[in-house]
Amino acid sequence: MSTNQTTEAPAPAIDPRLMVREEGFAGYLGEFKRKMKTGELGSVPVVLGLILIAAIFQGLTGDFLNADNLTNITLWIAGPGLIAVGIVFVLLLGEIDLSLGSIAGVSAAIAGVLSARSGVNEWLSILIALAAGVAMGALHGFFFAKIGVPAFVVTLAGLLAWSGLQQFVLGDKGTANVLNDGVIADLDHYFVGDGDIAVTWIFALAGVGLFLAGQLLDRRRRTAAGLPARPVSEIALRTGVIGLIAVAAASTLNQSQGLPLPLVIFLGIVVITDFVLRRTSYGRQIFAVGGGIEAARRAGINVAWVRISVFMISAGMAALGGLFIMSQQGSADKALGSGNVLMNSIAAAVIGGTSLFGGRGKTWSALLGILVIQSIITGLDLVHVNQSIQYMITGAVLLAAVVLDSVSRRTQKSSGRG
Amino acid sequence: MSTNQTTEAPAPAIDPRLMVREEGFAGYLGEFKRKMKTGELGSVPVVLGLILIAAIFQGLTGDFLNADNLTNITLWIAGPGLIAVGIVFVLLLGEIDLSLGSIAGVSAAIAGVLSARSGVNEWLSILIALAAGVAMGALHGFFFAKIGVPAFVVTLAGLLAWSGLQQFVLGDKGTANVLNDGVIADLDHYFVGDGDIAVTWIFALAGVGLFLAGQLLDRRRRTAAGLPARPVSEIALRTGVIGLIAVAAASTLNQSQGLPLPLVIFLGIVVITDFVLRRTSYGRQIFAVGGGIEAARRAGINVAWVRISVFMISAGMAALGGLFIMSQQGSADKALGSGNVLMNSIAAAVIGGTSLFGGRGKTWSALLGILVIQSIITGLDLVHVNQSIQYMITGAVLLAAVVLDSVSRRTQKSSGRG
Amino acid sequence: ACGKAGDDKKDSAASGDTKSIGLLLPENASSTRYESFDKPFIEAKVKALCGDCNVKYSNAEGSASKQKQQFDTLIAQGVKVIILDAFDATSTASWVKEAAAKGVKVVAYDRLATGPVSAYVSFDNEKVGELQGEALVTALGAKAADANVVMINGDEADPNAAYFKSGAKKALEGKVKKVVYEASGEWKPTVAGQKIGTAITSLGKDGFQAVYSANDGMAAAIITQLKAAGINVPVGGQDAGVDAIQRIVAGDQAYTIYKAYKPLADSAAELAVNLLQNKDIKSVASATVDSPTDKGIPAKLLSPKVVTKANIQDTVIADGLYKAADICTADYAAACTAAGLK
Amino acid sequence: MTGAPVLALRGVSKRFGAVQALTDVHLEVHAGEVVALVGDNGAGKSTLVKTIAGVHPIDEGSIEWEGREVRINRPQDAQGLGVATVYQDLALCDNLDVVGNLFLGRELKKYGALDEVAMEKRAKELLDTLSIRIPSVRIPIAALSGGQRQVVAIARALVGDPKIVILDEPTAALGVEQTAQVLDLVERLRERGLGVILISHNMADVKAVADTVAVLRLGRNNGSFPVAGTTHEEIISAITGATENAVTRRQARIAEEAK
Amino acid sequence: MTGAPVLALRGVSKRFGAVQALTDVHLEVHAGEVVALVGDNGAGKSTLVKTIAGVHPIDEGSIEWEGREVRINRPQDAQGLGVATVYQDLALCDNLDVVGNLFLGRELKKYGALDEVAMEKRAKELLDTLSIRIPSVRIPIAALSGGQRQVVAIARALVGDPKIVILDEPTAALGVEQTAQVLDLVERLRERGLGVILISHNMADVKAVADTVAVLRLGRNNGSFPVAGTTHEEIISAITGATENAVTRRQARIAEEAK
């Protein structure tokens, strides 16, 4: 057996095994190719899936990409999308909340009965409805975190009890109409700046500008601290892609009725919750609890409080989502929030890339996922086949949308450590 | 600092830290008390919950413990109970199957349409229906285990697609009736031995006898191998308790119509699946995959096959459950398997003590859990209060039933190792 | 053999309850009628006819299997007369037969349950559809002949939905130009709203002149979407929910179908009490109908009515279904005054 | 050692189900003292550590901190007193990256938001002092080697300002160089006046840095020795409970064979 | 060593995302040979073991078994060839009890059903030879101490009939007595003609039982030495890549202070 030995100089600061990306644009492309191979593409497969769905339905009907239809889709995603944002929080803990559909229903019922039947001020009605939602979430959180009842059972009990409450609140008359031209009606119908196209452009460009500024600032701070930073070429590319999307969206919306309020609110909430999750201690704590409850506990995190607060957030989001659904259907009825509402929202979060097993995901996945689902539903409605066939196709397309993602993630499958 | 040191004799064979139970009945009682304190009571809290529920509804209505009502309950648990047995398998893997309600529906639809409309032999229709169910499960398993799509999404797609198929199979006529006095009708209506009370007694006593024989045999083998074994007093106590239950059940059933076929089949399947899970390599593999996929993989277990087969089992059970539900309602309709069927079955498995996070549970929990749920449902039906109030009460009772269990488990909470 | 099960059954309360009437209704989510009207009306009438009788009510929540359990539970409780609004009328043949064997009588309510039922009270569901179609044609007036119609139907899993659809089509045939878009709203307002949204996309804002909605809940969402798109065409539903009456008052909805629940409920209660007390039922149920399984069932058939802005006062208010105050909340006060409601 | 101990356990017992893991255990740690806690596998060392760290509250006995009796029911309680713990099973969050784990529960902030740049910089510095090379501090913990994970866990304990540091087999997975660094670290902690509890099965390491050796055996105290003037053999026979054991047998056999 | 090696790795490379964990690695193991695989933390030892065990298939290079080229894509493949592996992270199922884990995938049966009595008896015997005390073999793995778990993992490798046993830091969590037993075990395996790959950071253990020492450094081969005639210092400098390192510095400083 040979005896050969290399004696090297003291350890260099950077690990030589880390493949460093080439500088500039070429490096970016190389990295992209590598990620493509190893399946670290993040949201790219879902976005591709979305494009595919749009292309197919456009081909079949010629109407899918029409500005009115796309505007409709942005209106319809707000309600289930907000519920999905709440679901993302719960999924990050590795838990599930089955009650969110019922909570959406109760919240709408409360707001409807107070404002339309009892003549309470509409803003106050909304506030009470949201507070009731948050309180229900707190109750779930309490039973889960403090008593130790599995979240599945607590929220299943909630699903039943709150839908009973919803019927009870609506009472014999059953359905409460949305006030004409009131606040709740506006949730779905108002276009910011009353459809002024300038408003849409300002929003789009401000968004892109802020993104660019943030990226550049971060780069400056990292370089100053001697840490590796994103190259300027990559920042330019990213800003370019986002800019393109923003411009396309703005001009489409302006071809129809302008910037829809529900879209602004939904996007705003996604941005805010994303910030909370990624850039605050609280968000970090949620990830920690979801990634390993025992490690989180030993790190001194108040696990019970994190859990309770997350159930409050999810319930609050559901309550808000319920108001958007109410606005969209023009009434609060006994069926609001039942049926597929919850499943669609959970599916949205999962399709968007949030793990069901905790510790991995972001609220943007709620947006992406609900876009996929609403596109399938709306696309099939445009094709208008039989209800039974529609169900079958929805199932198949849903699966197909996720297969793309799963296959690309395959190679990346982690296999433990050690 | 003091320096004191004890030098002991070589290590004894039994670890001195293990608290050994006193011999005889006194020891059994002591152990029970200790377990009570530390929350290792197993099914005891659920059984207590069941007794409480029975007592409350008996108090409210006077009809709950009536032999006809109890016989009814045993008839009705077979369908959802079999689905819950399938759920237990899936939960043991730490996964979920949302499609089981739809599969029950399709299976019933196929059996109904073939036998009642197309005149196919009823046994053959049943076989085809079951095979179709198993095939759907295999498809789910394939997408989950081989393609890597999360089980939640695969089975959600299944939920939609198969309920579309169900409507499609039933067609415009909508409902297929069960053949009069046919095999499917018998699933729910036949009483073994045509209501002969001797048959019930033979079943009950044979069951208890087999249990006792098994326990004694095990004890003999363990003692022979020099391993600690259950004391005779404990075996006597256990047999006594089981005997008591068996006698009470038999005499109640005989007061009504005798031994119901669905009860025999359901119990038989629980016993068989329990054996498979606890006493075969295959069952061990399911637990291993559910307890830690990576450890199972490294142990050389064919993880993909275990996953696929489990989804086949759950779908097969659901298909069978669907036939029982069909027999009970007298028809296969478009709504069979929808609504709360799936949630009730999942809740049954969880209430019975099967973990949602994999690796812990048994099929007996399906029996216990579905008894709890059906008792709540039937009890509330006996009380006849307002629907909305019923929902709220169901939620509350469901929660209460599990709180008992959770509180007793609290002290037992594991806190990592090391 | 040493005996048959049930031989030694004592004559307990369970084997005969002469003061209870069972009431089984099919669901409560897609329509408000069952718990708002059917149930309270029946309870009141039973009380009026038999002071110490009581009604044991359960709701099947859209599941035939659950309804069968409730049916059996009533029998286990010793109830001798059951008013049954079957969730799925075709599956009840064996239930009713089993019940009859135990001496339990069944009154089929609203939907004609199969099996040897003792009597039947209902509206004709096909007729409901026809009235809906005719009302839509009336609302279109002179424009009817050139009108394209969008149909948002009920859930395919509900057998009634098929009757409504076929009745409405029968009435529309030849009277309007064409049904240009047809979809299931699944009895869900949100779904219905989205269906109409896509109908607008594929047909264009001028692509249709009227919308048929199978019930009021879906009509609410449809109207909301149409308004948002700036489209004003007649839309109608059924069930005469208070929200629908409000929309009719405001001119948003063209009509609804009012099934006169009170007479329906009253007749059912009367039949049930008579059966319980072994009195004659022919006086109430003078007609006869045939079901797929049985012939010559004594029946009472009522006609549903169309409600438009013009006859609100004479129908739902006159029948005591609603008080004007229920309808004329702040948001609708002005419209009410204009419509002359009081 | 002079003065009141910073930490003192008095008659602590702990039971898990049917297993009596600790029985009447006593332990004292003074400021500036390194106490080595040794014992056979399953002796109860980690359990003892966890009772101090608040992971498992004690069943019986009492804990004194700077002379006052305290109750430690949750990890927060221990951290509040100034106990930093490196667990044998590391207890890191697999889904968080190295930086996230290092600062978990003690994040650096700027205008209320996380200051990732500052944390990343500080993380690199900390890891450098322990001479470990990690491909990137932005890699999730799950992707690290056993030793890399262990060093991250040790570095975590240094992020706060503790009075007592508990290290449960900190060098078990470490290479020779990293082990030397950790021993240096222990000495630096002592010099800064901190109390250290060091669990190790490596007698050479124990003898190199500890002042006192406390022995646990089957969940009970089995002696406490000043390191100076106690031999390897004495400690080992306290651990195994016998002067004749597998270690001596193996040594004897090898000596035999060498002849 | 004479004859063809049982196992030979030729130019093996393995990449994880952006990390090149192994580059062009060669390794040979003969029957009856104990090869110690050493290297710094993160050098790639565990990764190499996992490629052999079929946990991670290799990216480049080839694996030869008894002279024939083979593909090892799944753990079953490696087990089929006769490779038994004790992983650094143990890879036990937390929810199964000790007996369940020991026999996982190789259960003893009687009339087709599991023979729990036979397995329990055999489990006790196996654990006794490794002189570990576990409160009960029916306790779930999650309730065991670090060392107890490690012994269970080692015992697992002995159920079955392997040709090569791979031990990734088997004694890291073990007490002195148990460590001695494991070293005895390694020698017994060699005597039975098995090949053994032993990963360890403990040079004394390596020198005590290994025939050959293979050094990995930053994912590449950095020398292979016969144990006889190689000093501690030579191995350590191959591991750290420098003659001047934290270990020598620490020794120098202690020598300095001792003066």
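So that you can tell them apart, the chains are marked A, B, C, D and E in the order they are listed, and the count of residues begins at 1 in each.
Note that in this section a contact is a pair of C-beta atoms (placed from the backbone, for glycine too) under 8 Å apart; a residue touches a chain by one contact, two chains touch by 3 or more.
What you see is a predicted model; the values in this text were computed from it and never measured.
Student: Given the touch definition stated above, what is the smallest step count connecting chain C to chain D?
Tutor: Minimum step count, chain C to chain D: 2.
Student: Touching chain A and chain E alike: which chains?
Tutor: Both chain A and chain E are touched by B, D, going by the contact rule given at the top.
Student: Taking all residue numbers used at the chain A/chain B interface, answer same if over half belong to both copies and different if under half do.
Tutor: Same, since most residue numbers here occur in both copies.
Student: Taking each chain's centre as the mean position of its Cα atoms, how many Å separate chain A from chain B?
Tutor: Those two chain centres are 36 Å apart.
Student: For chain B and chain D, what's the span in angstrom between their mean Cα positions?
Tutor: 45
Student: Where in chain D do residues touch at least two different other chains?
Tutor: Within chain D, the residues that touch at least two other chains are 17-19, 46, 55, 87-89, 91, 131, 133-136, 143-146.
Student: Any chance you could list the residues of chain B touching two or more other chains?
Tutor: Chain B, residues with two or more chain partners: 11, 15, 17-18, 167, 294, 297, 387, 415-418.
Student: Show the residues in chain C shared as contacts by 2 or more other chains, in ascending order.
Tutor: Residues 28, 35, 156 of chain C touch two or more partner chains.
Student: Using the touch rule from the top, collect the residues of chain E that touch chain D in their complex.
Tutor: Touch list, chain E to chain D: 16-19, 39-43, 45-47, 88-89, 131-136, 139, 143-148, 150-151, 169, 172-181, 183-184, 201-203, 236, 239-240, 245-247, 249-250, 254.
Student: Where on chain A does chain C make contact in their complex?
Tutor: Residues of chain A touching chain C: 61, 63, 66, 68-69, 72, 76, 79, 116-117, 119, 167, 172-180, 188-189, 325, 328-331, 333-336, 338-339, 341, 377-378, 381-382, 384, 386-388.
Student: With touch defined as at the start, can you tell me which chain B residues reach chain E in the complex?
Tutor: So the residues of chain B touching chain E come out as 11, 15, 17-18, 218, 221-222, 225-227, 275, 279-281, 284-285, 287-288, 290-292, 294-302, 358-360, 414, 416-418.
Student: Give the list of chain C residues in touch with chain B in this complex.
Tutor: 1-9, 12-14, 28, 35, 56-59, 61-70, 72-73, 75-78, 87-88, 90-95, 156-159, 162
Student: Tell me, which parts of chain E touch chain B in their complex?
Tutor: Against chain B, chain E makes touches at 53, 55, 74-76, 79, 85, 87, 91-96, 100, 104-105, 107, 109, 112-114, 116-118, 120-121, 124, 131, 133-136, 141-146, 149.
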